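Each chain carries a letter (A, B, C, D and E) given by its place in the written order, and its residues are counted from 1.
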Amino acid sequence: MKAVLPVLGLLAIVGIWWLATIVFEIQPLLVPSPADVVESFLELPGYLLEQALVTVWEAVSGFGLSVVAGVPLALLIVWSRVLERMFYPLLVALNAVPKVAIAPIVVVWFGFGLTSKVLMVVLVCVFPIVISTASGMRSTPAELVELFRSLDATRTHEFFKLRLWHALPQVFVGLKVSITLAVIGAVIGEFVGADAGLGYVILQSGASADTSLAFAAMALLAVISVALFYALTWTERKLVPWSEEHRVV
Amino acid sequence: MITLNGVSHSFDGVHALDGIDLEVGEHEFVAVIGRSGCGKSTLLRLVAGLLTPSAGGISVAGERVVRPRRDVSVMFQRPALLPWRTVLANVLLPVEVFGLADHRDRAHELLELTGLGGFEKRRPHELSGGMQQRVSLCRSLIQSPRVMLMDEPFSALDAITRTELCEELQRVQLARPRAVVFVTHSIDEAVLLADRIVVLSPRPGRIRSVVDVGLPRPRALGQVELDAVSRELRGLLVTA
Amino acid sequence: SSPAEVQLLQKINYLTSFGTFGRDAYAYVAKEKGFFDRAGLDVTITPGTGSVDVLKLVSAGRADFGVADFTATAITTAKEKLPVTVVAAVQQRSLAAIVALEGGAISKPADLEGKRIGDQPGSTNQVMFPVYAKAAGIDPAKVQFVPSAPPALPQLLAAGQVDGIGQFVVGKPLIEAATQGKKAVVLPYGDLVPDLYGNALVTSKEVLGRGETATKFIGALLQGLEYSIEHPDEVAPILKKYQPTQDAAVASAEVGLMAPYVRPSGYSGPVGGITEDRVAKVVRTLVEAGAITEGSLQPNDFVSFGSSPK
Amino acid sequence: MKAVLPVLGLLAIVGIWWLATIVFEIQPLLVPSPADVVESFLELPGYLLEQALVTVWEAVSGFGLSVVAGVPLALLIVWSRVLERMFYPLLVALNAVPKVAIAPIVVVWFGFGLTSKVLMVVLVCVFPIVISTASGMRSTPAELVELFRSLDATRTHEFFKLRLWHALPQVFVGLKVSITLAVIGAVIGEFVGADAGLGYVILQSGASADTSLAFAAMALLAVISVALFYALTWTERKLVPWSEEHRVV
Amino acid sequence: MITLNGVSHSFDGVHALDGIDLEVGEHEFVAVIGRSGCGKSTLLRLVAGLLTPSAGGISVAGERVVRPRRDVSVMFQRPALLPWRTVLANVLLPVEVFGLADHRDRAHELLELTGLGGFEKRRPHELSGGMQQRVSLCRSLIQSPRVMLMDEPFSALDAITRTELCEELQRVQLARPRAVVFVTHSIDEAVLLADRIVVLSPRPGRIRSVVDVGLPRPRALGQVELDAVSRELRGLLVTA
């Protein structure tokens, strides 16, 4: 049953899309019909899946790095008002720089290899993780913070035995926002200086006006994101069973 | 052990405590009673070093209180349990924070004693209100502090459990006396347990009077001598 | 080849001008046909993302060679003293053109007045348009350029959001394939401004300093270029082998179209040749067009005539 | 005092950047020195500020629309498991489509005007708002939900008098993530077809290899984002004074 | 008014209530006492329609309970106040939800009565534990339901306030009787207020016995007749 609904939703959307391409007689160059897209995919299934794997790998490793970097960053920010005041605005500023515009610089710096793509992913992912983790840690109920104070707990304990745990559900919100951005980050990295990955396929097909192929690649991206997203949701359920979100209300 | 010197406290716009002078001996059990909202919890927080008094000074064991101390345990009015920890892990929290050796057996013992045997692996949201309060009690008992601050520890418990735990507390205090400040709404409880009872007047909380309970221990609920003190206290509260 | 031989191969990083289309396929041909191997080179081909990016990557040493638009190279080096230099002209005439759809509002240069042309800001097509307009006898001020990104151009044209787009001549089959059978009208700049070069092979001065290797690479790549225009039918399968997403028909058509630009009728020099006279003329034209300032660029600043094919 | 720390942070970063350009002798085409960037800005201050205004307007109106669309969407998702199961995966999928890749389609559809940029902004912004609002609404304490149930409150009341209020602090996390993305969305929109805005400036300068100008535009983008971000933070403080995050702990 | 028919309830792994049969009359005040964790709150939740019994049936006013009803008010064991609302707005919540006409005056009256005058504009986190409980009490009193379910409403209150509010509750019940189910840990309170007292045995909660308090009203704490019933109940609880 559970699986039926998303499939229904998908069918509804695909149906509307198909109808639109027929009714409005949209040129395939602009928006190809679902059939065109499927056909494009079936022409090169092996190749596309291979490229998809490349992108997944970049996205996942960048995402992992972002978690490893972002959570401690959030900790530092909540830990010290001084650090927060000094570097939080910079983080916001960094996040606001359009990644598409700095992608070439990143490639110049870090080469055509995996590094530059992973870095792009990190640049895109880190901010949502930091901000939601920080906000989660800050929203720890006053009564629990008081408990730790009363035990004269070190700040390390306050952070690792209390705030981080309390923040976990919100950390996951950050992670879920990030994971879809991660895929996009990888694609942007691939737009500049790559010869593999779905981003490269999109670039190629865009430039050769092969819109159905681009759509096929984007559909794959969507599938990847949805899979990664629900993998996270599943992890959350396992890891945060006490969260209000999972109680039957 | 605890000395309060002209302690006052205000929250923005609310004058909670006013000019409290109090001395609690090293082995003394002091109960605090007073109308709801008169500043009892605030008093405990001040002694615990969780709040800084607006005026006056507090010292514990001869040192000025500027921050919480590890030899002072606090049991809060609300259970304040960590929702992600099991009952057992919640009880063991102070031990973990202090970095002490294994206290698992002691924790099980306390849980058994408070009637929570079998609930060690449950999470707080699966417990009734009274059970949560008992977990919080176990957590504060697992530390062996020199000073115990308890804020209405038995308020959510039924008469029987309450009596049992009162007796247990008396036993512990006789065996290994410490300085205890015990906030309660039950006059009987105060009379049963305390060496001295501080009666606070309503907002702003001032010391209305201090009653010495000069009765021999162990005491038992329902003793006629206790009733006399209870009546006196009730009178003081009404006119407080 | 045995491991010992592989040891001897010199590693070269090469960037195409933009993506991997028929027009850039000659590098794959050189690789497939073993021209690089024979020159003792192990070449890695990476798809480029436009002239300025290629220039940046080459000057930063991320790539040893790359292909960039000659005009863009001239303009960029006039602004910034980059350590890059042109070593060959891939096309002897500019590929720049305005492309429109047949049956639309544009069929000859004179129709351009009062029309909207979609193009990437700063592209050769846009920069050189005043020169082209002058040669065509129209007023450049009467043509409106709508800035937009290269991948969007065919779609904008197809959707009628613009009347024409800036495109390379070789883009014709692609546009026609994309618009499903509509014929494209191509107005090549090269027809009226024959002095302009098309793409150029650029490298850094540091790579040139390595001597032998550079010369060998240039030779092998141009051999691939020559082979491609002589055997356009062989190009498509080779490209498809390396880049499965490419449309073989479009790729062959592109190579076919590109041939007369690599070796125009009446051109007697070598494939890839570049001469100081013509470069000087181009620089003058650029000054006239207002793209660079007088005296900011000398031919020798950005072209290494000594290394170019003779 | 408060203002000193961010300025210090900024100076530290600019200092490192400057040093790097000198020590590594980085070519200005790749990374210009701070001095070059300031010079570029001072050459055209009026023009750049004008372009900045264009971008701000696009970002802010798109952001506003995203709030107006995103919050009700989150409501629907929390309201009905069926709707959630049907459309949440699609939303995730939509978010995973690289905006850079669909920007051309948006422009083709909606023209070169404001609409296409605003739409790009909405596409970028909506997801973080939806996901954090939904998660905030779901994490409403069971005891409060029970209170509303016991009053036999309508679901409308449950949502508008309880869940939405409870979620407000988390909604703001979503908004803060979105606002910086909004600016990027506007820029991406401008990349594809615009003749004004900082994205256009970046595109233009990229093509003419005027890296300092591109950096000046990006610095402006950063300033805009930081300003918008802190405007939101300020609003939050005014609007959500009860939040644990603002209590002095 | 309320009928429970062989009602049982289990939470995963915990058997909370077992075979409860109970009838509460239209104007009857029934107190429920029992050890902590025996299922009293669960019982109220079941009657309120917030939980569905694992077995057995419940009806209110002759209708099977399948969901909460507006003529049944619930006061929870924990205050459950909305942190973003002022005290006044918290009290007015049911009125708002029911879409009733202005009850501002009534709210002020109730707040005054419970000693919260002057705190109308404060937020919950600025109140003491007992004050929060009183706000929650006011909120449940502002509805005029046919059935009132109250879960330890006075547990966080001092003896005096508690006595005052008990008297008020008696007065209200005499003037305008309703069906009340009142969970408490205080035997005295139960005897003072209730027509009948249900004693539950410990987990799983079964009805140990039902005691009729056949004493005339109004009653007052300290009446000798009450003490006899209290003693009986204490005995029942100990052996429960």
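Criterion: contacts are C-beta pairs under 8 Å (C-beta built on N, C-alpha and C of every residue); 3 or more make two chains touch, one makes a residue touch a chain.
Values in this document were obtained by computation on a predicted structure and should not be read as measured data.
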Any chain in contact with chain C as well as chain E: D
Longest centre-to-centre distance from chain B, chain (CA-based): C
Top chain pair, ranked by number of contacting C-beta pairs: A-D
Cα-centroid distance, chain A relative to chain E, in whole angstrom: 50
Length of the line joining the C-alpha centres of chain C and chain D, rounded to whole Å: 38
Computed distance of Cα centres, chain C from chain A, in Å: 37
Chain E residues counted as touching two or more neighbouring chains: 78, 125
For chain A, residues contacting two or more additional chains: 30, 104, 108, 142, 146, 191, 206, 247
For chain C, residues that touch 2 or more chains besides their own: 56, 60, 151, 155, 159
Every chain pair in contact, whichever chains are involved: A-B, A-C, A-D, B-E, C-D, D-E
Complex contacts: residues of chain B adjacent to chain E: 11, 14, 33-37, 40-41, 77-78, 115, 126-131, 134, 152, 155-162, 185-187, 234, 237-238
In the complex with chain C, residue positions of chain D that touch it: 27-30, 103-105, 107-108, 111-112, 191-195, 200, 203-204, 206-210
Partner chain D, residues of chain C touching it in the complex: 50, 52, 55-56, 59-60, 75-76, 79-80, 82, 118, 120-123, 146-149, 151-152, 155-156, 159, 161
List of chain A residues in touch with chain D within their complex: 2, 5-6, 8-10, 12-13, 30-31, 82, 85-90, 92-102, 104-105, 108, 127-128, 131-132, 135, 138-142, 145-146, 169-170, 172-173, 176-177, 180, 183-184, 187-188, 191, 199, 202, 206, 214, 218, 221-226, 229-230, 243-245, 247, 249
Touching residues on chain B, where the partner in the complex is chain A: 45, 48, 50, 67-70, 72-74, 76, 78, 80, 82-84, 93-94, 96-98, 123, 125
